[in-house]
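First up is the structure itself, then whatever we jot down about it.
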């Protein structure tokens, strides 16, 4: 066995995504045979004590508070950006200039202009780059892609419909966090969770030709940390219809106002010879209808996606032993490490993230309903 | 027990809806205690032999081929219109002039102009009138309405989304039947099945303020009975977003191109304190999430809607003994008979059907997507 | 069309089963093309007024209170026994002597001795005879049988497990009805609902070689109609394990003490190349796992058993339009009428009912647990 | 923060359970706030090269091949036994003598005699001891226990039924691995997976009073590694009925011959006021029927067990972000570390494992069916 070289990683962000990515950096080599070692060098946050605690708990060698210093460190190979959306553009363009490989949380940016600058920066610097749309690497989703590519739902797609529904701000008393502020988040449910299903639409079906959308802010004022009542200036929910370039119809919904739906990303694809359906709250299953089955015995197959020949999942446990949310990050980071180590391209890259951002921007500004 | 008077019924149409309504006329008195007897007097169809056979099998005293003669018969109290959409307006206005109570299959008409004439006719004649949106009287749907009206999902509705998906013409070799011809059907999936979910949206949430839509004809030419290739000039599928007057967001989809979905009408309603979900292929269940349940034990309740205190269903069998599609017609006709016999108003009446028709018309002509 | 002869039917019993059978006699000719007409001649009950009312509502020409007079009527061809279990033997043997074709509700009798006399009587008289195990003719169950017979779950069966669970007497205040009295019912959950799953076990897998059982009466005293506290002398629940002659393992449970299970008859069969699963509360579906599917795409198929080529169901409505509990009786009676009219044998006959009764008797007396 | 002391762990076994436990030892401190640090000192296996590789991949400081040397190492605090069943007794009794805290994989032993010696040893040595029945610490199972203990399904339990079904040896060509050999495994499906549901029965309902069982070896000969055909001398499947001391009825099934069931551990508990149901293949959900809900709105609640106030799961991700199989080991080991560090008792201990072993032994020898 030739000695593997080692990739040193710095992660910026210590909250939800910081924890999820840290876990993935720790676990990737335990379960996947990668062409490089991973050194978890530095985690960076704004709060010194909190970041130090995070470094210890999450497994990083060092804690830092100045992200620019990280970029100046020649020993760092990869920068993983897990901060709120308003810092993505600045950090990623700087990281590109510093010749770091970059993994950036979604949505890529707050708007198309920012996203375009990021794409330009990584192209110019020729650095590896990826947006973390981790759901592409849920085994059931990856299997759906394989089934579609193999033509098993037919040569035409008629429908893609997805819904990402949560309920964590349906309560009017929930406070005004950064995800509800336009200047930090860019948009609300749209960019936070809608971006995921737009990415899946593009991944599974193709590019989108045109859309129409309706959005709504149901709770217009909320309390800030300082107990001030302030305006919510992002969408609470958005509904989108449209058309793909290949003629399929698109129907999307993103909402945080669906009581009982905790993290329910569902999609259904109907093709000329079959259909696929998925639910993230039941993420180890894929539902597959094959119109080529004998007529008497046709029905949606509930595939428990835990067999050794299913994507990614064979690296974990025996069949039927299910995996969870965090594993999608491990798969994403394992693939990213492979790509960086072998100088291969990987999807979704920033250019792909820009395409998703274009859809987000059009959705955000499309508001023409025909009155009744 | 005072002697009940008898209502004599004539039904026009011998095909799918003719069979379903005949069954309901036969069964209503067997399972519901009604204020009038029902006499199944005449069934009317275009084909003499076929109509005679239908009369015998379906339980009608007489077979007729001239629907105008029926209207002239003073012994007929109720006319039940189960013909293709292009004859609804003419038959219903004539029946109104003849002072018959009228039950008319959905969609009420091919367009708003026809529907308006029908409303004018029944108002002028002051006759009982109803559009057969039978799904309002599926026990689980009626229970959903009770739960909403009792405020159990909160005082605000955020989302109504419904999908009516079938797959019977996904096969390109399926012939060009009347439901695929604009001049007979008015529209395709939209009027045929979309009308049902628009009616449910209005029934469960309220009137619609504005919409945007996309529709598609996936298979543009099909073979006629005479083996000629002819153009399909109705929609194969339609996707709609919009806003209700009360601020809720609307999302609808109607398609006959969803392989594996045989007759799947699903809806979900999200309110400020709870949610409801339904699937017509599993129509004896209602899913109800109550945000007022103790936090540890919250979850969608799968209510098997077969208890004696659930709407309609107590008249059939003991708890857990499920009912089927046809029962929704029995409930509709039982309620209609009650209304006619007691001179009460009943919903959805033609005026309600006209409101649904307005939505259908706007959907059919709303076509402005923002390009990407 | 040659003139069909007519079969005249007398039904004994006006309660739950009387209503269900009456509906089936009324509906059979409406939906099935039968070789004979059906004349609903007489319904017989103990209470004169109630029986008269039943005759009117349920569609019988005459009401009678003396079941022996019915047997004496030479115009009656078929006797349908829907009374409590303690009268089955007497009525059926008398009906056989009177040369009537006999349909008898399950369980065939209170014990093997009675069942044996009934078998002897119908053999001697050579009359058509059938036990009404209606669940054999639920389309999904009939399809399961076809799939097994076609070898699609392999050439060996490993497991049959079934559970029939209800909750209607879980409430301690539920009164002491006839179904809870040994001298009328013979046994409790065992004969009432356990008989159904024993019949299905024999229908789908084969004859049973040996069993072991445990049963329990959870609520030992209940109030009679006269508000007297009296002993419950039948089982509230029974659990059975055993072996089929073909080597498969049997596991059965019948209980009326499962809160939330209203009428849940579930079964699962595991064969060497596949599995089947069914739930009566969701009776329009059959779950089928085929180990011969491509490995990546294996999963339980949820077959919506409503296609025109599925057993029975094509006679009702288009695909996806589900049917209910009562339809299983229509199918049973349609098949019985065909058998009677064409002098063919039909299953399950009394001899089959006797075999089921033998299992019931052994279960009732098998009580040897190994202590811990 | 006072300095936490550190517990040093040695793990014996490098295969499936070795990997699962290693992951848990690595992850416990990342997600749970524990009173001691964990030092992953030594992993021990029979194959030197393989164990070295395992140490590196799984995160252990040292690789060893002599388990007795580990016990002699005074720096080791905890011994975690993940070897085949035939070595449990010898290793655990030696570890007890060496005063190590012991975590032992299930089943505790091959038979009661061995299990009794193990209990005697840990009692004598007064060392912390636990059998790894990890499913007790699946959040949904732990929540079920809380609901039962709070009396929410009533004060009486009527039924506990569980089934553990897999299909990995349904294929006749699957080789004769150690789990199919009596002298190594003790029993087949019974000890391997049946032990889990017996433990859950005892955990959730109470001690078992008596049982009856049937078992079967469906494929009687299989190929060894050396391509010799040899006899399978353990059960392929077992079905058990019985009675708990509290009067509830028990029904269990364990099988590896259920095509399509990959790792399906299901249970249902019916109490006097409610029911609970669970499926390990869908392990983030608990189904709860509460008979105290308003009658119209009763139904099994599908609780997505991912809320912050649900057991264990709040330490991972936000609501709706599901966890997987391996997490049950993290919870088990986190609790074990807490118990060891704080000198508290923990369940299930070896004494509890012995009780489960008694049931296993009686099942294995109970074979009296009543013939038909």
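Order of writing sets the chain letters: A, B, C and D. Residues in each chain are counted from 1.
Methods note: a contact is a pair of C-beta atoms (placed from the backbone, for glycine too) under 8 Å apart; a residue touches a chain by one contact, two chains touch by 3 or more.
A quick note: this is a predicted structure, and the numbers were derived from the prediction, not measured.
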{"item": "Between C-D and B-C, the pair joined by more C-beta contacts", "value": "C-D"}
{"item": "Most widely separated chain from chain B, with each centre as the mean of CA atoms", "value": "D"}
{"item": "Intercentroid distance (Cα basis), chain D paired with chain B, Å", "value": "53"}
{"item": "Inter-centroid spacing, chain C versus chain B (mean Cα positions, whole Å)", "value": "35"}
{"item": "Gap in Å, rounded to a whole number, between the CA centres of chain D and chain C", "value": "41"}
{"item": "In chain C, residues with contacts to at least two other chains", "value": "261, 298-300, 304, 307"}
{"item": "In the complex, chain C residues that touch chain B", "value": "16, 20, 23, 26, 29-30, 57-59, 166, 168, 261-264, 280-284, 304, 306-307, 316-327"}
{"item": "Of chain D, residues touching chain B in the complex", "value": "143, 146-147, 152, 285-288, 290, 293, 295-304, 307, 309-310"}
{"item": "Complex interface listing, chain A residues touching chain B", "value": "153-154, 156, 158-159, 161, 163, 165, 170, 172, 207-214, 216, 218, 236-237, 239-243, 247, 249-251, 253, 255, 257-261, 268, 270-275, 289, 291, 298-300, 358-359, 362, 365-366, 368-372"}
